[in-house]
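We call the chains A, B, C and D, going by the order they appear; numbering starts again at 1 in every chain.
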């Protein structure tokens, strides 16, 4: 079980590179074993081509590393806050993928402009407010997680499994590390679509509620469990 | 014959990937044996790198699968409507290629801005109207085909072998599955040109009727059969 | 000698693909043996991966093929007009490279916005006027060459070795087929720069005459012969 | 020692190609041995795939080559001025990377729009003024270095290790040749982000001083030495 999660977290980190979602080493993926109360996350500063499953760093839900060999990703505290705030999620991914980062820097939420968006995100993908100087000075990384949680106060994090952190970049999540990576990849695609639409029309027209419901609910509605739908 | 079509449909599906027209598994290509009244289409949810010719699912023109092993693509009903509405076509391709999807989401028809467009599409590539809530609630996939057919009420589908479905993405077709893929690839190219033109000038100037005729008719006019022209 | 030119023309055609300047089969390169009065050009419709030096089609300067095995590129007449109009050139390349085609479709000349442009093109890269319906109806391909020559009535074609044909795409040339390809590649780069500048500022500021002269004349001035300069 | 620097300069030149920062041969990287007063720089006109460590040309700080075998890059005088003006740097890289060149041609400084920018550049990346006709006519390459130094009269070149030369392209530097290349790569990324932001909003909002300080100073502040921070 624990070994499976190690491999899943390793694979999630490698897949962010394979899908072109990170430049240099700017990305990290994690997974959680809820029963054991243990997060596994990419170590800090190890090149992707040398990562092994054994390198994934075990931490508790307060973001303290439980082994000493390698230090965890410097974004661990954000992951830990998200796991505590969103009990349904099992994996978190942070990338600097091109268009999602552009939208995060432009502080532009991504409205639902097409059916691919609707297949994965049930409505607008939000952008956080800016952190205050105090929030930045004290526990900056943890507060990044808290401002995400605040942004989702009225939202279901599994219905909209991604966010743009203002002036920073995207975080995505899912029930598993693999699903988090897939959501990060879909976020990049819909961000690319949205940027190009906004360049032609600053206020592009979202698809209808009916079409959003049709696409989202065929895979995620009351008659389905999250992620069990056949994605085509 | 049937074996040839199986291979042609498999190849068309693989070529959509090779030409970069699909992300993840978001695409499907089909072909039709008009004499046998049989459509062959990509199965749902099988990864592209494991697809074989035998996996292509045989269906009738009402969109009912004729074998039980694999389920057909969830877009089958759209393909089936197009085969019934456009008797001259032999292959249909659906992709989420980048710029064609951007234009579909922006609901911007693609005017003929250059000679490559004119070589393949005899005038503006249209965008469908939005589906109504009722059309979405009942037989959504079939109605996607019907709104395409409605868009072509006054158009020759072989003279303009592609469409942008509003808020969704492109469909392209041709006399064969291979030609449908080639048209999907050309659609992506002309959509890329058009987007970049519209970003500089919201209402770009089409080429003259004379130039459109010169390019289109050298390959597709009364003195040629469709597709027999030498493409250079 | 003739064998050398065959290989140079083959290589030029292959290099247009290698540099990403053509999509599908939309491109052609040629070279001329001025002493023999013979043009060698890519044949029409042969896939790039099967082209051999022997496949290059020999033609006279009126654009008549001199051997029967393969038909020459359908753009031969344009090449032939350019060789007659510009006695100093030894190679011609036609591509549909992305940004050069976008600028040709937008009918936007490319001002000299930077030093790379100045290294290769001594001032604005012009766009032709539209052809008239009569010019399109009669000898369209030859008239494409003539409208290019008309555009260069007051310009030195070796000082500005490329043009944008309105609503169509770019042609580039040089003293050799290899130089023509290199100019086509540089044209694509400066077109990409120019498009991105125009998207921020419809009327971007060219570099100074002094800087244009400094960059261009170090390689092409009175104290140098064309192309002998060391490109760094 | 000297052999190590030769290999470091070779590797820096190869890495500019590997990271897609140069087209054709338009780029050069150098390093300096401050104790020996010797610069090593890429030779002029040698194709990248044939470069060896032995080909790196040794020069003094006045920009005079110290060996005769190969001529140094034609941009050597710019590098030499930068090494004299910025005593803390150990490597310089010049590229024509796409978005940094676009911003240089558009004469748009790059404000700090996101945390990746803040991780590497402590505030706005400046653009130089245009050179005067006299500066272009006399010692143009050296004056390119002088106008960069002038631009940094009030700036710490290690806190903002890159510049856009108006109408030309970017230069980046660092304590080592490898760091200079990494900064050139990060410059390209932040230029890409900035261009896309400016295309949506001509005057995009920088991140707060507090966030800039948080990101920059965790790696470069009084309690750290430059470049010793763990980059994540």
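Basically, a residue touches a chain if its C-beta (ideal position, glycine included) is under 8 Å from a C-beta of that chain, and two chains touch if they have at least 3 such contacts.
Keep in mind that what you see is a predicted model, and the values were worked out from it rather than measured.
Chain centres here are means of the Cα atoms, and by that rule the chain farthest away from subunit D is B. Rounded to a multiple of 5, the Cα-based rotation taking subunit A onto subunit B is 90 degrees. Residue numbering at the subunit C/subunit D interface overlaps only partly, since under half of the positions present are found in both copies. Put simply, the C-alpha centre of subunit B and that of subunit C have 33 angstrom between them.
The distance from the centre of subunit B to the centre of subunit D, each centre being the mean of the chain's C-alpha atoms, comes to 47 Å. Counting only residues that touch two or more partner chains, subunit A has 199. If you draw each protein chain as a dot and join the dots that touch, you get one closed loop, with every dot joined to exactly two others.
In this structure, the chains touch in the following pairs: A-B, A-D, B-C, C-D. Of all the residues in subunit C, the ones that touch subunit B in their complex are 23-26, 28, 44-45, 71, 73-75, 96, 98-99, 101-102, 104-108, 130-133, 136-137, 140, 167-169, 195, 198-199, 202.
Here subunit B touches subunit C in the complex through residues 113-116, 182, 185-186, 189, 192-193, 196-197, 199-201, 204-205, 207-208, 210-211, 214, 230-232, going by the rule given at the top.
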